[in-house]
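Let me begin by handing over the structure; questions about it come next.
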């Protein structure tokens, strides 16, 4: 990037919030920024247990799907606030709520000393935090989009059902799309990447990795080590 | 709906803006509201020629895809403003820019005399105005989502290439999804419905019609006549 | 009130969120509005378990007190959203975030048919949801401020420690202030009323009741029955 | 107007704020609305003594002209708040800060019972509250724009210098423009109408009266009596 | 300026948008900032062809003048977005929509490395983009206000009608005012400077140049060369 | 603080606005920042004479207490604007209106050259500018909170009534609380510290000084000299 800074967008699984794992993640992020002076991070917080709790309550109370999405977004923004305040002053305390506000915040922070992290939650109903991550990567022309999920990466088939499932080192968007559509994948049980996110990644050929949301794994990713699955594009 | 009002969400093809057809559409909408006292409309303006012009200019100037989306959204909001001011005082002059602002505006207007139309443009990058229409229909529990496009409805194959293409009266989301994915459909040439919009329609079983954006057709739809293609759900 | 409407401000204990009790409360509120056509409600949602969870996590992560207040406010606003969507269309879906926005919302709703409830959470760090309730009662010149807490009302001493504690039918602000300051009351264990709320109640002589946040109790309060403790002012 | 309501925009001289005259003005306005059920008012508060005080302080502290304009606008908005709260619930408590917010507020209020007055202050640097009044009259297609100033109307020459000055019953925009430009009129001493306001009045042929800001005069104007000077347009 | 930076406000003729000339302008601006490290620019985008198209459509649909102004402002802001994204990261991506937001943006950018351009469109109905440029120059105490129009500068009479018209090197505000008012100048045909802009220039004695909106001319202006017409003030 | 900067929050008595003393205060503040390169200031402007004037007018017009608070807040924000513009470019021109906006502004300014002062007024009804100062000190983990009032510091009894009253060098929150509650202190006559502010100071053990709002006193405080009364906490 023109500023000499390397921008990574990291979607963080919501499962780390309300878990002691968050402390390790915080430490890993701080260490990475300490070691790599040119690194700049945009963290996208998932909704996790709070989102599930409010969506479940909303379902029982008869709410519509768009409103359930909104409850999930508010929960992810609450997680984002907790994370941002904990990472402050390395992170900005401000949680932008729209793509243009994210671009604005980035502009303010990229060109000076001070906070080197912007943290966000969901932005808009009908769009997952994965898709938000991809959109932000597109807008910021990020060097890498890291989707830190609850699995090690992309398997050629459902690892929960097939012992012989193999973790793929590389995958094309088309193959990933096929894997996601295959019948062995149940909605919600396999939170790798949704079609909207994948479409954004494809249209802008965003360098993307799918890895486990674990402090040691993230540490390796920040150092450029090979982990998880990389989305590759045909030339 | 609890207010006794019937809410229709209508996605209007951007092609009517900058065309004399807009006058007929305006007249049709006014007439429909005059005749059906309980009707309440949410109109979603497409970006049309202005969007294409700015997106093309942006492409030539090397902008990223998310920003091109934003130029399209701003263009559709400009169209929405023109339409709203022309339909005022039957329509509200306010163009909401987020789903929650739309809900807020609707709340204000549904329970009293005065404007019976809310007009919006696009809301968020990575989401078409079709998807916006579906999302709004979901949030407002609309009685009908009308996607007024540049074709008569859904054909079983590309009518531009196959003379024998048949206009479908009904289509399931699955079949429509297959038609949209079939190789004969080129991106951008067949603006029926995108996968995100279709997913929202499916998850909330939103009553949906795909019709031509033409004043006489819309007039029939408002009167409950059979035109275009209806999306039907398996029970 | 000039509109012929009776305005009640009700602070709802956060303990009802994430509990099945919320369904009974919702039913009670709906019934009360059905029966009393002139009643208009402003509900203030407490932060409850979600607030405690995030404040606890924030404490462990070393956040400052003002930020912990902000996490509590965000949690109460999430609760307010859930409640408002569940009570819609009897309630407004909009959660105002400042006193002037509350006044604005009220103005819109008081003078017409449609939603008869405005729901809010906390507004500002350093100010409890109790104080928010009192402030809103002041600004809206409410007919009654109901503080629905986890106890039956005000006792002359701590009922947890003294068997012979007597539930007071009436209490003056001065006596309540003394009871709150007495040594037997531990911070956080007795969520009746904080000094700021009490100061606001006193300065504007706001008619106030302290009752248990229970559907049958609230039902009685809405009907004007004698329950809990009433704050009385010297003449 | 389509709602059957008559809309008057009244620019109120800032001199009434901080003066007991404000009570009479408030009474006159209340009475007029009581008598004329179809009347709807938009009141534009001038900055008065507070504006002069802060502009003077700003001048002494070396501020630029645009900032001095902003101090004047903030002062007029403070006056508008005081007036709106005093006229509530006949007036809306909300002080819109932009033309589109004024249109929004009007839309909400015109079509129902409840507040019949919207009150504003200045909107934008480089534009007097007179011009704001004209702009609002244009946007709302008001039936009358009343500029309530500190003089009885337009004289054919400066009444302070010429005993024989005659109060004009009618004046064309061109003649008024000439009078305003004539050498006998000192800047600031004769707050009738500025060129921007006059240009807006001319381009939209806004029915306009210039009268003294006095309760008995305003009362007559509201009743349709002949007072002050009327701007007439050539046909 | 206290920061050692030189601030130029440049009103760019709307005619460059939708024309290949924009590429040359972009290059010129980039080069100027590359060469003059202390230069900071505020660019005001005109509405151009898009504004004319929407204003014409609005006229045909019967809209009021204030709303036509708003359509022009929205169009100029769309142009500003296109230009800002194309000049990013030399320019800020954020398009401020009010004078105070412009001051805020400037404050953020002036004191550090990073974007050296803020781009805006129109701000408020009843005020041309010329006047906006003058107002911004006032508020930012700019070193120079450059009005880049469709003519070479100010002529002593209408160059379209009089062959012997002479381009003036210098002009006083009074003489310019007389030229603008002279009968040979038709509204809209001679977009030099409107009376409001001129009044702001006069009251704050803003150093102002009127030049052709052409890349080679702008290049010279940035280098301090003598081109176009300079507004001079009597001492 | 992590930035190496020393952050002081200073509540400035409203009495300096509209008084020539403001020039001395401005000079003192400029000098302090000139001398102490690491100093960063947050100034909280009181409402002073303007607040009293509008609150008095509001009382006479029958407004409620919450609205009177709002008039006081608007007045203090007007004072804050005047002060910020006068201290610009040493101070930021932006007046944040909420705690999170203050944190945002601080984040922008702390990590670079440029403005070293953020100026605010009141934030929320029911909360004094003293409490605002304490809240901001909490949120920013300020090194010192200076309450610059109209008296020299805290006396052991009311100095207006008792000649032998002694100025305390140190005071614990408990003792200060007792002094504030003692009968000799009339509401409004002794603007030292209100209970809410004191509670915030106590819960976060904010280093606090109470001094006279006088340029020579403030100059000493900025230099670390012993003046006024210091609030000390038991260990």
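Chains here go by letter, A, B, C, D, E and F, matching the order in which they are written, and residues are numbered from 1 within each.
Throughout what follows, a residue touches a chain if its C-beta (ideal position, glycine included) is under 8 Å from a C-beta of that chain, and two chains touch if they have at least 3 such contacts.
In this text, all values refer to a predicted model and were calculated from it rather than measured experimentally.
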Looking at the contacts, which chains touch chain B and chain C alike?
A, D
What chain is the most remote from chain D, judged by the mean position of CA atoms in each chain?
A
Sort the other chains by how far their Cα centres are from that of chain C and give me the top one.
E
Between D-F and B-D, which chain pair shares more contacting C-beta pairs?
D-F
I'd like the Å distance between the centres of chain A and chain F, where a centre is the mean of that chain's Cα atoms.
42
Averaged-CA centre spacing for the pair chain F and chain B, given as whole angstrom:
54
Chain-centre distance (mean CA atoms) for chain D and chain E, in whole Å, is 31
Which chain E residues reach two or more other chains?
67, 70, 100, 108, 112
Touching pairs of chains in this structure are A-B, A-C, A-E, A-F, B-C, B-D, B-E, C-D, C-F, D-E, D-F, E-F
What residues of chain D sit close enough to touch chain C in their complex?
89, 92-94, 108, 112-115
Contact set on chain E toward chain B in their complex:
17-18, 22-23, 26, 50, 53-54, 57-58, 61-63, 67, 70-71, 74-75, 77-78, 81-82, 85-86
Please give the residue numbers of chain B that touch chain C in the complex, ascending.
2-3, 100, 103-104, 107-108, 110-112
Chain B partner contacts - residues on chain A that touch it in the complex:
64-67, 70, 98-100, 123-127, 131, 134-135, 138-139, 141, 195-196, 200, 203-204
